[in-house]
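Once you scroll down, you'll see the structures, which are given as structure tokens.
Here chain A shows up in two complexes: once beside chain B, once beside chain C.
Right, the complex of A and B next:
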């Protein structure tokens, strides 16, 4: 966010919260009657492990002996703790569930499914590294984040912890990670042509042509061309992009464009798609959700990025895809 | 078309006082997650605590795909992974 004052949309995003109803897993209830669920308002831009200090008092008297290794699950699915709460909600609740019923565990961490999390420090580390990754994509290096003073880094993290947008802007504007106007540059990296994976990494951008600006729809189509088989793409060479950052050598597979574009001072990484590893031509985009809203695809992408991205400078787009069941005879 | 995972060349580089591996370059499936590199390093170096970075810059999330990291951060046809025994680029 390059602006010095918060936009109204940014304020809405930072104030956004998900009402949670958190149940202790039955295997960890040692008292009768079982404890009532904890009702917590979770900031969208926050992370579930950060809520543990609020949640624990509801259940501490009933927990079995042992040390805490907290994890959350939704309908049996262990939740990845490094994904912002709002994104988890947008992704997992096709029909928004209010309150969102989650189960918390304090024991038996599924180490084979979830990466370890030791509370706030783990979340902070993950956050700072994501921020560095974003900086690297935008600037080609993450010196700006690495050179932050300790007090600035602490203040940045605290601003996220406390949902303090003004404080966040104050510190983050020093990082100069803002987008330059409406200019964008497209740097698309799709991996193997045959390998369809759910999360496409890209830095989306496009220059303004004849008064038309690059829209959210353009960005999604460029990132997930396989989901728009019948529509013409803004640029044919986008369909199978293979772009290097000017220094990388060509990858083994054939490249349609072969043109290298260096990252401009723009763009954020787009992450997060609904799980669908085997997209076929029958796939349809049912829903595109960002920060709990379904923005019109005509909205300029620059606006979407500037206003709806998360504090670590990633824009999380949740995409719902309908895949037809194969007909078996 | 059979989907063959493409291999990515990973170059492991020691930082600080971390031991240097005899063999530092490996090929790994692009479809693997970064955690595979981390676990490999842990086993090779017999150390649980390791700090692992890409391009001496940041520590990717262990669940990131090698192919994504390579596509975005690869240099000269390989992914450079630095490892240290203590935090190098905090």
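Right, the complex of A and C next:
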């Protein structure tokens, strides 16, 4: 977000929230009647552990003795706490569930499944780390983030905590994670799909060598070529482990079969297609969701990135893939 | 595993210390072959291909990680009593260790305290596409399978390394989700790797065509990263590349 004022879309994203209905896990209910679930509005760009201070009062009188190690689950799936709430929701709820029913645990942290989380500090560390990673991808180093003053870093984090977009823009623009512009080009020699910023071309409308705008659809196809069998890539040896933009976002894709049985499969989808990708006959893309919306694939990718990315400068794309089950006889 | 290839050179005059996924694969093949050849005392090193997902039809053959599992280390007694200190001072420098000896494991970690159970380590070397460098992931457990916490881990790594962990800005241990196995593993944070790799290679003699073999990358990388655990690279592993 290199602009000094927020766009309407950015405001919309920052104001986005998910209504949660949070149930205490039955094994931790020590009183009768069991407590009512907590109803909480969770910011999309926030993180579940940050809600614990709001949630705890609903349940503190009924918890068993012991110290708190809070974790959340959805239909038996422990939720990774470092993933923004909105992304978890977009990924795990094929049909948006309102309110979203989650279960909270205050005991028995599953250390073999979830990395440790000690409250706000852990979330802040994870956020700064992601920001550093984004900075590294864009600039080749994370000096700008490492050199932030303590007060700037605090202010940046507080702006995310409080959902204060103006404050966020004020601090983050100092990081210079991109200047804007619409040019996208695919660098064939290096391993990145890089959004080249050019100060001189800042006024240029979106163009690339083909004279067409680089769209969201183009980006998704570049990252998941095997799911688009009818569109062959111009160059099969193109290397595409990362997508970035001139505003300084890295691309993170999360994909799921859309079935509640599948484990959460988030992570950066990185591939270097040295071989030509064989066509998939068993899977195709059903849905692409970003910040709770299904943007048209024709939208210029630059717009999507600039307006829909998360505060740590990552754009999270949730992809639903329909899989054909093999027929067994 | 792909056949060993010494093709692929790095022009160190304008290099930022990073490698591509494909170069990682090349370097990994070279590393694994030489590890298995020269490190008979340690478990074998193998390349594990990225698990194929049920709904994506193809994965690049380059995707995967190196695995060395069940390395046994013994927890050291309190650091002060274990290390005379002086002869180990040299190891504080994190330069490429070209041990002339055949000791692959820091002698101190082999001191057995018969009362303590041994500690077992699994090491995975995974390519990080954001930082474009290899990253070391490890997990530690007792012989009875119980996972070790970080405090226990620090008991079995050389005391010098423990100091390094605290002092060094780039060898610090955190817990992250393993990129392929998707569960918590300990890891050495990658953000300084490109800098010290660049430094390491700046001391390498360039081969005739002006570059340093990519195949050398992981061996050099491990000569530093492995030191955290007292695992040294035998001289043969380094010298055999590029000949």
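Note that in this section the second predicted complex is superposed on the first by the 253 of 329 C-alpha atoms of A that agree within 3 Å, B and C clash if a C-alpha of one lies under 4 Å from a C-alpha of the other, contacts with A are read in each partner's own complex, and residues count from 1 in each chain.
Here is the rule we go by: a residue touches a chain if its C-beta (ideal position, glycine included) is under 8 Å from a C-beta of that chain, and two chains touch if they have at least 3 such contacts.
Just so it is clear, the model here is predicted, and its values are computed rather than measured.
Using the contact criterion defined above for the overlaid structures, shared-chain residue A:227 touches chain C, although it does not reach chain B. Looking at the shared chain after the overlay, A:137 reaches both chain B and chain C. In the superposed pair of complexes, A:323 makes contact with chain C only, with no contact to chain B.
Once the two complexes are overlaid on the shared chain, A:80 sits against chain B and chain C alike. Contact with both chain B and chain C is seen for A:115 once the two complexes are overlaid on the shared chain. A count of residues in chain A touched by chain B and by chain C gives the higher number to C. Contacts of chain A with chain B, set against its contacts with chain C after fitting on chain A, overlap at residues 80, 115, 132-133, 136-137, 142, 190-191.
The residues of chain A lying in touch with chain C in their complex are 80, 111-116, 132-133, 136-137, 140, 142, 190-191, 224, 226-227, 239, 241-242, 250, 257, 263, 265, 267-268, 270-275, 277-283, 321, 323.
Against chain A, the residues of chain B that register as touching in their complex are 1-6, 30-31, 35, 55, 57-63, 65, 67-68, 71-77, 89. In the complex of the two chains, the chain A residues touching chain B come out as 80, 82, 115, 125-126, 129-130, 132-133, 136-137, 141-142, 146, 189-192, 194-195, 197, 199, 201, 247-249, 251-253, 269. Only residues 16, 20-22, 53-63, 129-132, 147, 175-177, 179, 182-184, 191 of chain C touch chain A when the two sit together in their complex.
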